[in-house]
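Below you'll find a set of structures to go through.
Below are two complexes that have chain A in common, paired first with chain B and then with chain C.
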Partner chain A sequence: MSFLPFAVAAWLFLVGLYGIVASQNLIRTIISLTIVQASTYVLLLSIGYRTGGQAPIFADIPATSNAVDPVVQVLMLTDVVVEATITALLLALAIQAHKRFGSLDPHELRALTD
Partner chain B sequence: MSRRTRLTFFGVAVACFGTVLVIGFTGLPPFGDYHGVYGQVLNGVAVSLRHATDIVTSLNFDIRAFDTLGEEFILFSSVLGVVLLLRQMRKEDEQESEEGEQEGEEEHTFAGASEALRALSLVLVPTMIAIGVYIVVHGALTPGGGFQGGVILAAAPLGVFLGGRYLKMKRIAPDTLVESGEAIGALGFALVGLGGLIFVGIFFKNFLPFGIPGHLLSAGMQPIASIAVGLEVAGAFVLAWTEFLDQAMLMSDEEDG
Partner chain C sequence: MHITALPIVVPMIAAALLVSVRKWTPRLALDSSAISVGVASVTMCALILARTAHDGPFAYWLGGWQPKHMVSIGISLSIDPVGAGLATFAALLVTAALLYSWRYFDSIDGLFHALMLIFLAAMVGFSLTGDLFDLAVFFELMSATAYSLTAYKIEERGPIQGAINFAITNSVGAYGIFTGIGLLYARTGALNMAQIGAALDRHGTDPLVLVAMALLFIGFLTKAAAVPVHFWLADAHAVAPTPVCVLFSGVMVELGIYAVARLYWTIFAGPLHAHTEELRAILIAFGTMTAIWGGVMCYSQRHIKRLLAFSTISHVGMFLCGIGLLSADGLSGTATYIVGHGLTKAALFMLAGVLLHRFQNIDEFDLHGRGREIPWTGALFALGGILLSAVPVVTLFFGKSLLDGASLAAGYPWLPAVFVFSSMFTGGAVLRVAGRVFCGWGASKRPLDEEQAHQAREEEPEEQASRGRTPLLMLLVPASLLAAAIVIGVIPGAVPGIEVAAAHLRDHHGYIGWVLRGHVHFPPAETTHIAGYDYLYGAGAAVGAVALAALTLFGQPLLRRTPELLVRRAGIAIMAFRRLHSGHIGDYIAWWTAGAALLGGSSLIFLR
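Right after this comes the complex of A and B.
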């Protein structure tokens, strides 16, 4: 079952992508995008995992212990920050779109379709 | 393009993409068998070289601090974008709400804010501030650091909002305080980097004594960097949330007539 984490990452990515394409509501599109981004967390963390490895924090374990890779964890932290900021920006844009077009349906955004 | 054609296009594209994805994933190291040299070396030497027991924080605020500088300014500029996008619309209603604040009668109360919720928020706010500060300053020792602690700190004023006291929340965390907190945090982290340039000649090279591993004041510049980032993250999130909540208030005011 060692392929399972990667399968979860791929599934999250594709499901999120479907959500973005099929969504009729901008808020749902944004949530789908966060699901796509969640797949990168799963992928990064499962790449860095080592069987039996502990968290790379040596406060109470011996310095020679088997620990998982810290580099991908830092990358994931960056990823979380970027996701939070992108989501905030997109939600602000969705509010503006709603004010201007009175709807959150992407098809109603006239300036994009004309 | 109709919804049907769009989904058909998506079906074809996603089948191709899925195939490539599976082929790509087969080239990855098997789960649990990763032998990235960089990470292993860091796990081995970071404690003795940096005197920090949390390698993730060590990477964030020392070894890869330059990347964190970029990450921090992504946060800074995108929150600036949120403010720019949302604040221009607020202007037209600003006059009214300012008058309301002066009268002190404009307090928004929510149907969901019961006495029990208010009592809970009274307990939650100081607890969250304490946990947030703890996580920020212990970043180099145990799991946590500026980013994680900053978000917890930012959630504290939201407790006041949960208790149905939005204007009071704005009094506890006024815009000018939050904005300057965010800016000072961003500047502080850049100054930590400049400190390295000035005192030891390399940007973001540690220039403070390392101390004893496991002690609160250890790991050189990492605790200071962590506090700066914590301040910036807390400010950024409170600012973004306040902008969104202001929008919600405006909209509910419009609905009320």
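Right after this comes the complex of A and C.
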């Protein structure tokens, strides 16, 4: 099992965080957030990966054959559903932000400074 | 017929039905059906709680997928008294909030009710589940509904920005949780918390487990709003509709603390047994920071809902210290405190809602003296402030006494001083507001902070009708919550009952046994007696809160005599703290990263 997928996952998490911190545009912030989440996809799938493993559909293959782990794939699917919901909600909020603040720059969102 | 899963399923189905019929349903029918679903959920959760109290904790395997030879493929609801108690408490607060919003909103469609019911289902599921991934899914469901509820007034600037900050910060936290779950699954091959715990008992810790723990903890602490991942909370609370704030402060934030406690005692307590001291120090460091930061910020606010929000942050610091003591009294003290705090804070938000409802303004200085026309609201608000300072012998006081005892026993004799500080500043801030708004004491203007004052005035009022009188229901609900906050602690058997419940939560091996083998074990629970010094601390904090409020309201002559340099320096220091709450999401995520690095780094260094 290669170390590389885990390094990619860590890199995606951090680069996504950097994207949110440095973003000048809310759309970019939201895309960066999905990149952070993409890191969890890579991580989960690489945890379930087996070298030479088949798709875990045991109707076609013997129950003892080498197959990748279906559990993490299911987790990832749930994760995708979550992402779709949150991203849609955030994009809707971004549209409203543009309408009300006249800008998508996080610096221009000034309704809540302390 | 098993009712165990029903308090999760029933509100969800009801929510779907409400959404589909809302166009043709009159307001009265929407409110009454949502409230009846709430009452039904309270009843079901209370029945489950009664069963755990009577027969001990039990696991309910969905679809009958029982574990075999300590291996579980199925998904369980693993219900112990603390989980069932929290579920009941959440259902109770949702019902109270729905009852309050009946008269609070003038025009509202079924979407609000549906979201509240889904929120309820998610919180109940979160409290009852025994599966780590389900915990994360219920976390996300709870979050998504919470974001939507925050942005309910979607045409206003404040709610839009508050919801964006809330959603992004908590989503990053959730992805930390997903990563942590992935790592634990990679190490143990299990998702059931009991099975992960059993596997780690055999395996011990390694850096991978520690990183997973840090990511899970920081994720749940994001929901709990611990410093430095707390920034979203004040923004969301300041702008969310008042009945929603009731739930955020009253129970949602506390569920984050619950998750940390649950994960520690079911999963990490075995392998980290040798490092209890170090983990205790780390958690208490975070907790102390949160308690003090929240207290100072709370006292410096003029936007009343923001003030209450920071008060919640300060109390979260106390909860985190209480959990972090990793002892029986620390846990049962926190649980008792959460009940008292949730009821009190919910009532205070509702009373702040009365101000907003009547004056369309929530600024302490704008409202100077205007509250004189609603004396009952003022009396209840001041009572809430006194309760918040944990005066003897209300529920909060019993929680705090347990925490004081636990701190001394664990070798942290200075920790009670932090608790007194938190009680004094959060209680004092509420009393100060009560004095200024409802009695007209103190200054009526503050030249500073015009920006925040502006945010406190509503863009579009939540209600359009005549505000000449406040509906009685809007006072009855908070009054009964405050009455409960006073009475629960002195009901014979209530606090000892919480101590028994906490003993179940702390029973690492017992948990694995009753979830995977069905062997119920009743751990011994000690009942702690209140020491004399507890009354002293309690009374001291209450007197301190009153004195602090009085000093701010009437102490101008005294303040003029203190050296100007000192006053100015203190002002600059507090301003520097406040400037950190910039409302900029990039800043918040930078702080989140720092917090995660701090927790992960200290875990890797000290817990190996």
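The rule is simple: the second predicted complex is superposed on the first by the 111 of 114 C-alpha atoms of A that agree within 3 Å, B and C clash if a C-alpha of one lies under 4 Å from a C-alpha of the other, contacts with A are read in each partner's own complex, and residues count from 1 in each chain.
Everything below uses one rule, namely that contacts are C-beta pairs under 8 Å (C-beta built on N, C-alpha and C of every residue); 3 or more make two chains touch, one makes a residue touch a chain.
Since this is a predicted model, take the numbers as computed values, not measurements.
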(Q) Output check: A:5 vs chain B and chain C. Expected answer is one of first, second, both, neither. What do you get? (A) first
Q: Please work out whether A:77 is in contact with chain B alone, chain C alone, both, or neither, and reply first, second, both or neither.
A: first
Q.
After the superposition on A, what does A:55 contact: first (chain B), second (chain C), both or neither?
A. first
Q) After lining up the shared chain so the two structures overlap, which partner does A:21 touch, if you call chain B first and chain C second: first, second, both or neither? A) both
(Q) In the overlaid three-chain picture, which partner chain does A:67 touch, first (chain B) or second (chain C), both, or neither? (A) first
Q: Go through the superposed model and pick first if A:44 touches only chain B, second if only chain C, both, or neither.
A: second
Q: Give one of first, second, both or neither to describe whether A:91 is in contact with chain B, with chain C, with both, or with none.
A: first
Q) For chain A, which residues lie in the overlap of the chain B contacts and the chain C contacts? A) 13, 17, 21-22, 47, 71-72, 78, 82, 85-86, 89, 93, 96
Q.
With touch defined as at the start, can you tell me which chain A residues reach chain C in the complex?
A. 9, 13, 17, 20-23, 26, 29-30, 33, 36-37, 39-40, 43-44, 47, 71-72, 75, 78-79, 82, 85-86, 89-90, 93-94, 96-97, 100-101, 106-107, 109-114
Q) Which of the residues in chain A come into contact with chain B in the complex? A) 2-6, 10, 13-14, 17-18, 21-22, 46-51, 53, 55-59, 63-64, 67-74, 77-78, 80-82, 84-86, 88-89, 91-93, 95-96, 99
Q) So in the complex, which bits of chain B are touching chain A? A) 3, 6-7, 10, 14, 17-18, 21-22, 25, 28-34, 36, 38-40, 42-44, 46-48, 53-56, 58-60, 64, 67-68, 71, 74-75, 78-79, 81-82, 85-86, 89, 141-143, 147, 214, 233, 237, 240, 243-244, 247
Q | chain A partner contacts - residues on chain C that touch it in the complex | A | 133, 137, 140, 144, 147-148, 151, 154-158, 160-165, 167-168, 171-172, 174-175, 178-179, 181-183, 185-186, 191, 234-235, 238-239, 297, 306, 451-452, 455, 578-579, 581-587, 589-590, 592-593
